[in-house]
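Pasting a structure below so you can have a look.
Chain nomenclature is as follows: A, B, C, D, E and F, assigned in order of appearance, with residue numbering initiated at 1 for each chain independently.
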Amino acid sequence: MATERRRIVTFGEAMIRLTPPGHERIERTRSLDVTSGGAELNVAVGLTCLGWPASWVSVLPESPLGRLVLRDARTAGVDVSTVVVTPDAFGRTGVYFLETAADPRPSAIQYDRADSAFSRVEPGMLDWPRLLDGAAGLHLSGITPAVSQRCREEAMTALRAANVARVPVFFDLNYRSKLWTEHEARACFVEMAPLVDVMFASRGGLATFFGITGGHAEVLATACERLGMAACALTRKKGKASRSMRLQAIGARADGSVVETGWRELEIVDRVGGGDAFAAGFIAGYLEEPADLTLALELGLAASALKHTTPGDFLCATRSEVEAAMVAGEGGALLR
Amino acid sequence: MATERRRIVTFGEAMIRLTPPGHERIERTRSLDVTSGGAELNVAVGLTCLGWPASWVSVLPESPLGRLVLRDARTAGVDVSTVVVTPDAFGRTGVYFLETAADPRPSAIQYDRADSAFSRVEPGMLDWPRLLDGAAGLHLSGITPAVSQRCREEAMTALRAANVARVPVFFDLNYRSKLWTEHEARACFVEMAPLVDVMFASRGGLATFFGITGGHAEVLATACERLGMAACALTRKKGKASRSMRLQAIGARADGSVVETGWRELEIVDRVGGGDAFAAGFIAGYLEEPADLTLALELGLAASALKHTTPGDFLCATRSEVEAAMVAGEGGALLR
Amino acid sequence: MATERRRIVTFGEAMIRLTPPGHERIERTRSLDVTSGGAELNVAVGLTCLGWPASWVSVLPESPLGRLVLRDARTAGVDVSTVVVTPDAFGRTGVYFLETAADPRPSAIQYDRADSAFSRVEPGMLDWPRLLDGAAGLHLSGITPAVSQRCREEAMTALRAANVARVPVFFDLNYRSKLWTEHEARACFVEMAPLVDVMFASRGGLATFFGITGGHAEVLATACERLGMAACALTRKKGKASRSMRLQAIGARADGSVVETGWRELEIVDRVGGGDAFAAGFIAGYLEEPADLTLALELGLAASALKHTTPGDFLCATRSEVEAAMVAGEGGALLR
Amino acid sequence: MATERRRIVTFGEAMIRLTPPGHERIERTRSLDVTSGGAELNVAVGLTCLGWPASWVSVLPESPLGRLVLRDARTAGVDVSTVVVTPDAFGRTGVYFLETAADPRPSAIQYDRADSAFSRVEPGMLDWPRLLDGAAGLHLSGITPAVSQRCREEAMTALRAANVARVPVFFDLNYRSKLWTEHEARACFVEMAPLVDVMFASRGGLATFFGITGGHAEVLATACERLGMAACALTRKKGKASRSMRLQAIGARADGSVVETGWRELEIVDRVGGGDAFAAGFIAGYLEEPADLTLALELGLAASALKHTTPGDFLCATRSEVEAAMVAGEGGALLR
Amino acid sequence: MATERRRIVTFGEAMIRLTPPGHERIERTRSLDVTSGGAELNVAVGLTCLGWPASWVSVLPESPLGRLVLRDARTAGVDVSTVVVTPDAFGRTGVYFLETAADPRPSAIQYDRADSAFSRVEPGMLDWPRLLDGAAGLHLSGITPAVSQRCREEAMTALRAANVARVPVFFDLNYRSKLWTEHEARACFVEMAPLVDVMFASRGGLATFFGITGGHAEVLATACERLGMAACALTRKKGKASRSMRLQAIGARADGSVVETGWRELEIVDRVGGGDAFAAGFIAGYLEEPADLTLALELGLAASALKHTTPGDFLCATRSEVEAAMVAGEGGALLR
Amino acid sequence: MATERRRIVTFGEAMIRLTPPGHERIERTRSLDVTSGGAELNVAVGLTCLGWPASWVSVLPESPLGRLVLRDARTAGVDVSTVVVTPDAFGRTGVYFLETAADPRPSAIQYDRADSAFSRVEPGMLDWPRLLDGAAGLHLSGITPAVSQRCREEAMTALRAANVARVPVFFDLNYRSKLWTEHEARACFVEMAPLVDVMFASRGGLATFFGITGGHAEVLATACERLGMAACALTRKKGKASRSMRLQAIGARADGSVVETGWRELEIVDRVGGGDAFAAGFIAGYLEEPADLTLALELGLAASALKHTTPGDFLCATRSEVEAAMVAGEGGALLR
């Protein structure tokens, strides 16, 4: 690419993910696969895959478990100089246990994230003006403010700092019912929305938190208009099988224009992080071609599709692999 | 649940199951996954999952292999105080090797169960009046009498004792051609049928052993009438893929009423024990609501569907998970 | 079978195959599964499964890696007395890394085969008249001449020796773009074709290298006529999923007759070696019943289908299992 | 043995243990082995191995992780009807991460047990008079009161109830510096000691908490006298290698008599739980032959030695295997 | 080597060996490692490693388990054209379970070998004159006649045929107390001894079965003299640890000469098959230099030492590696 | 520490390391553990553990295998902005296979590193003045110039640039006989020595390449004097077992002073990289306290000891863990 890309900053918690191998149930497993993940770290990893430098802002304890997450972020090429490492006693490293679905058994996630170091972030710990200096964007999801009251306040601080620094804000309207109530989330999201430039939101989320109803395309366009955002995007899924599904992406811009991709078939190896890979692809495409959402949606869709085909929360693909997947799925093809 | 549930007694052999991981063939594998299984133990485990206490009556040698099976039964919460442990020299622990199918390669089971301690059960070893005292039901399958002449006699002893004690008898009309001939099986099943209250039977089984032919619903109703049973049930499968299929349950009662569930799609991780999980669910539902087979069939179908989604012979799910699966498959949903 | 079968000779390179388990990507894996493979060795293994003695002619270094491949060939029952073992310094053992596909991510193969001992085969190292003495056939693929100039010359030597010895030549028109250009391949294939009796070729291959175009059946018949071959065959695939597909086989004979099998559904555990298993089945069937391609095609199709259901490059099935798969796929059936 | 053995009650927390395989470090591992453990559960398991029925009193949440621990306890044959299962929201399941030592790298344990359901045990939750009814003994360690203030109070309740019911109290003077200070522990241990009949204590522990100093035998005898206990025992270790060591047991009785076993060489596969297996062996031997500590010490030493030879916190050996190990180590002997 | 080596024939049963990984106990394992082994097959494999062609005479069923053993023998380069493959119903494939020792826990072997196809060998099934035609030696152990009465008779037939054909007989005086009594074994061994040329025997074995007592060297010399043998050899072990030991070899010849090697330290990864590797090395060395036992003993000792350093029953080393180990152990040296 | 530490630059090739698990032999393994390693990368990783920023200068291809190595370096915190990534066709990623020793079987390394991208480094590819700008030191080993003629030239370029920039040069006198002859190495080392400030060298190496003979301390002192170096250090090993050994470090300075550490016992999990960890510890200690070698030697010895206790080439320990290991080995202690 011709010009130097400026780094994108993401802000959120990451946890250690423990997964029983081979569809085993947690209560019966004798082994757990270990990876790391968290919505905003996943997005940072995805951006790095796509050639955009990404800095992950977070808090982790000085402990083997904290180092594990830090190492995984570093492995993927994410800048972790922006992670605050606190003494072990300050707070835990969050953990989550994941069971792999097989219809009619859903994927079940057991969070064990209370009292994490991240949840105890303190005012002043993160120097947002410096963190955002020269950044091309700031991304966080609705999970960050849900983690704790301190996190909610810190998220607001980050958004305001981004607005001041004229750094575009990307926000994924994730709602985690185990962390807070709809009522609490609504109050927060309504406060945040005016500070957001681009939102990732499901039709259900827009209805629940902003009272915006209608068809998929319609709600996106309405959201842009009502919430004063430059763009809004979502993905739709078809199929309830755990091993394959169909995926489509739709996006709207402030001018009311709407773009829809075709539906694409994909095989699922691991579905966690699929939405984050979409966000990463969208952000990259949006920053590269802001005038037309086609690149953003197609890059997001391809990144999400590829994410589904490998284990773990992180996208693991090169830019050229994502671009190849945009054009045409190779299916079970054997490249040799 | 409001009332204390009385325990259900099952009687049969369990074996160590050895499975090559990852679709490998037995002759080429360098590793075997170890679990335990056996039709009647599987049913006892399923009942325990569903909140019914279950006692498993069997014979195992005092040896590491015998203890392995005993431990697995105990892990699942099954009462094993009813297992007779014999000296190591009395007989072996049965073993079976299982290859996982991929169309057009069938799942292949290699039994190595000759001369097991169970096959050598001796008259008087099992005190049936005491074992059945206060029981809510007795369950066994057509495999138990097929194991050996002694087992056939012991099975008859058990059925007669149940009839005397007015304990309802559940019987799964399984036929194992590697253990005896159709001729031998027919003589036995015909002798047993009058002592049975509820039978699980395929259309093929009813035709082969009792000469009852017709459509699925028809043969069940006819079986109830001709064999003097309170109820009869079966499951139907569609699809020859090894990774997914469709399943339906049908049941008939002595009054000629027939209930059919809808077809449900399910994904297969391990199909062994699927029929036993159905039996467990049906027995639980039947004992809870004997006047209408709907609960029995739906509980059986959901238990069977969930059994297919995890490795090993045993159902591993809570009552609430089975009930959730009755209502609606979550598909590849991610619960968080 | 009544008569003693004469051995079939195959000639080509085999490599160590390293596969990340569980859909993991190469750059992220912490473990690699180890098997051996190579088109002509795969065919020799398939023939052995089908009851035909097979000798594999190749070159391997005296080293742990060379011995690994040699052991795997021997395990499968292939005659390896025809392998020349060279000093370790003569050349390497080729290696290839394989990623397992999930749509839209293709299976990716990374070859690391340069400077292999095989590629450095020297004139006179292989005594073709002796190697082919009494053989029922010689098989090689388009990969063998692509490996190096020396290999190309040795392949020609082998074909000429087979023609002299009146040993029928089977040739798989594989093209590997990483090893040579279309231009180079065309020159070679055109030189080889007159020496070939039976060719396995895709429609694309016949068009690219021989300018033969038309429908599938048509190009096979034309190829037989124009290239003066006794028979020509191909397989067609439908579906881009990585876990299942449909497969059909078509063959033509010099007399212009064409046979097509039905389409068969199959589940994919590992697709590498599927074409080689087809070749093995076809060769066996063709040598047993040369007057009619039906057995050859059906045996090839069943062998290929079964190959897809187990891990590794090699077919692992008995003749009777292949014949059972010819008749009817058992799907997810549970044989017990 | 001639008489029916009465059950022994143990009271304490158990956790899920996560161990990186193969000497890997936590921060670098991609897999964790899963077992369960906790001092008092370990003792209950050891007692069961030795033929003594054991009931484990504890608190676990209704969740997959809580069920995992419960299943493991049940597998080993421990009575878990005495475990209170609380709603998932009541508290967590404790977890600990264990690195396997290699000199000079110590085994490192990372506890993640804060806010466990056990730590939140509430007064009245455990009905001690009923739990101790007919029991042969009550065992707990110094970890139980260290977990939380509530646990400290509950432990005192248990000890007082045992004294009332004339159930002998066994106490392991374990001190965990990560859970409380020496000052806090001393206050508690001094309060508890008068209620204890038999104590397991290191020389360091007796010095720190009771100011008793002297040689090994001397401090044990002094402790019995000063603290008014029937017996006191410890084990001594020699060697700092992680793969083998020497072990000796010493015990004193209230009459001032002291028994010392010989030193025994043993190989270490997993050292966690070694002290608990000693306690289990000692308790069993002491209850069987209270007049002479020889059986108690030798059974304890053999049980501890065998515990060191298998993975996980739990002893896994039969009574006859422990008795064989008492007589003479078989070393690397091959029994066939 | 200058002259073509003639093949050595071994006769005995081989079984599938199932080993829990990581020092786990059988009753608790969830996985089993799969290898093959059997005294006489192990010797054949060892001979092949040392450059001597070896034919293994045995009986295996036509089944996946039978094929597994056959494949393993073939992999190692052993000639298996001498194995009789019987219909699956003729008899089982023997299995044994092995626990890895850690002092004071012994290695425990659980045999499950009753009713094997081998045990049912029938007169005439094995054509000994043809099998021994041109052979350099016949080897079997005391296990072969212990398997069954038929095996005992077949072993005598083999020995007599070897004597007739002037093929030297090597015999390992193994006694398996689980297969027969000392009384039965003595009768057999006394009958066999006159037909044996070279015996491998422990001091205990010579005392028990032949009443020969004295020091190690003394009993060997006496055995040669009394039993009319050309040579007799044994190995001595020191140390009861499971991870290392010291080993020495001693041999005597008919002329009364005795050779003793030095003691050599070795590390143990897997001790099963260590004696068979010694026999293989001794036989090779004896046939190459019959006039002096030094080569035989040193080759045997080095082969045995190397066998201890790798998993499974089989030696896996080249002749040059064994010869390097004869000269000097490299210890933990890193060859690069 | 008070002052900001300047980065240390290392220059050399890294490879993918493939290790059969569980003492298996390469030719028989079905699985390979994957790590990365290379003398100079290992040193960079060790320095990072010890709190010194380290930049690794190398060449890797743009391919999955190249990315694997790059990711591993990044994970450990090494600065890889100094790695030149070349097109895939430029050269391979080196690979080496490692067998784990058990006495008398040595660890065997099979290199497969010919034609690597690193070996083809071109003049001008690496901008040494910029790479060394502000560096605290440059480290490379005798392997770097041995890889290829181009590498030898590049190494000289680097050394000269370091001398110009007054960056101290650390050099490990490793000799790899598989890469070049002693004659070639001597010519190179003699040319390099005047440019080196601190050398790691064995007594054998100093004798072979510089003709310096005598006792350990003596040769180090002589080397400093004759070769004009500021310091020279080595480690001595005792013991040939693969699982434990004793280690001592000795160093001399230009002023003739010599420091020797005590001998320390250590357990071996993986010995590869032990020398590199020593170098890393020495360099860190030397740069922190250049006036006295005690810290350098003790830090090097502790780092090396810890490296031996974990799998893979890389040290994985924190500075505080290394310092704890300096004071006293914890042996098999259990820290909790």
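The criterion applied here is as follows: a contact is a pair of C-beta atoms (placed from the backbone, for glycine too) under 8 Å apart; a residue touches a chain by one contact, two chains touch by 3 or more.
Since this is a predicted model, take the numbers as computed values, not measurements.
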Chain E and chain B - chains in contact with each: C, D
Farthest chain relative to chain C (centres taken as mean CA coordinates): D
Contact-richer chain pair [D-F vs A-D]: D-F
Interface sides of chain C and chain F: same vs different residues, half threshold: same
Gap in Å, rounded to a whole number, between the CA centres of chain E and chain C: 40
Distance from chain F to chain B - Cα centre to Cα centre, in angstrom: 62
Chain A-chain C separation of Cα centroids, rounded to whole Å: 45
In chain E, residues with contacts to at least two other chains: 25, 27-28, 30, 71, 108, 243, 268
Pairwise touch network: line, ring, star, complete, or other: other
Pairs of chains found to touch, sorted by chain label: A-B, A-C, A-D, A-F, B-C, B-D, B-E, C-E, C-F, D-E, D-F, E-F
Residue ranges of chain A touching chain F (in the complex, touch as defined): 71-72, 74-77
Residues of chain F touching chain E in the complex: 22-25, 27-28, 101-109, 111, 176, 178, 239-243, 245, 268, 271-272
Residues of chain A that touch chain C when the two form their complex: 21, 243-244, 264-269, 302, 305-306, 308-311, 316-317, 321, 325, 328-336
Of chain F, residues touching chain C in the complex: 18, 25-35, 63-65, 67-68, 71, 92, 95, 97, 99, 108, 110, 112, 114-115
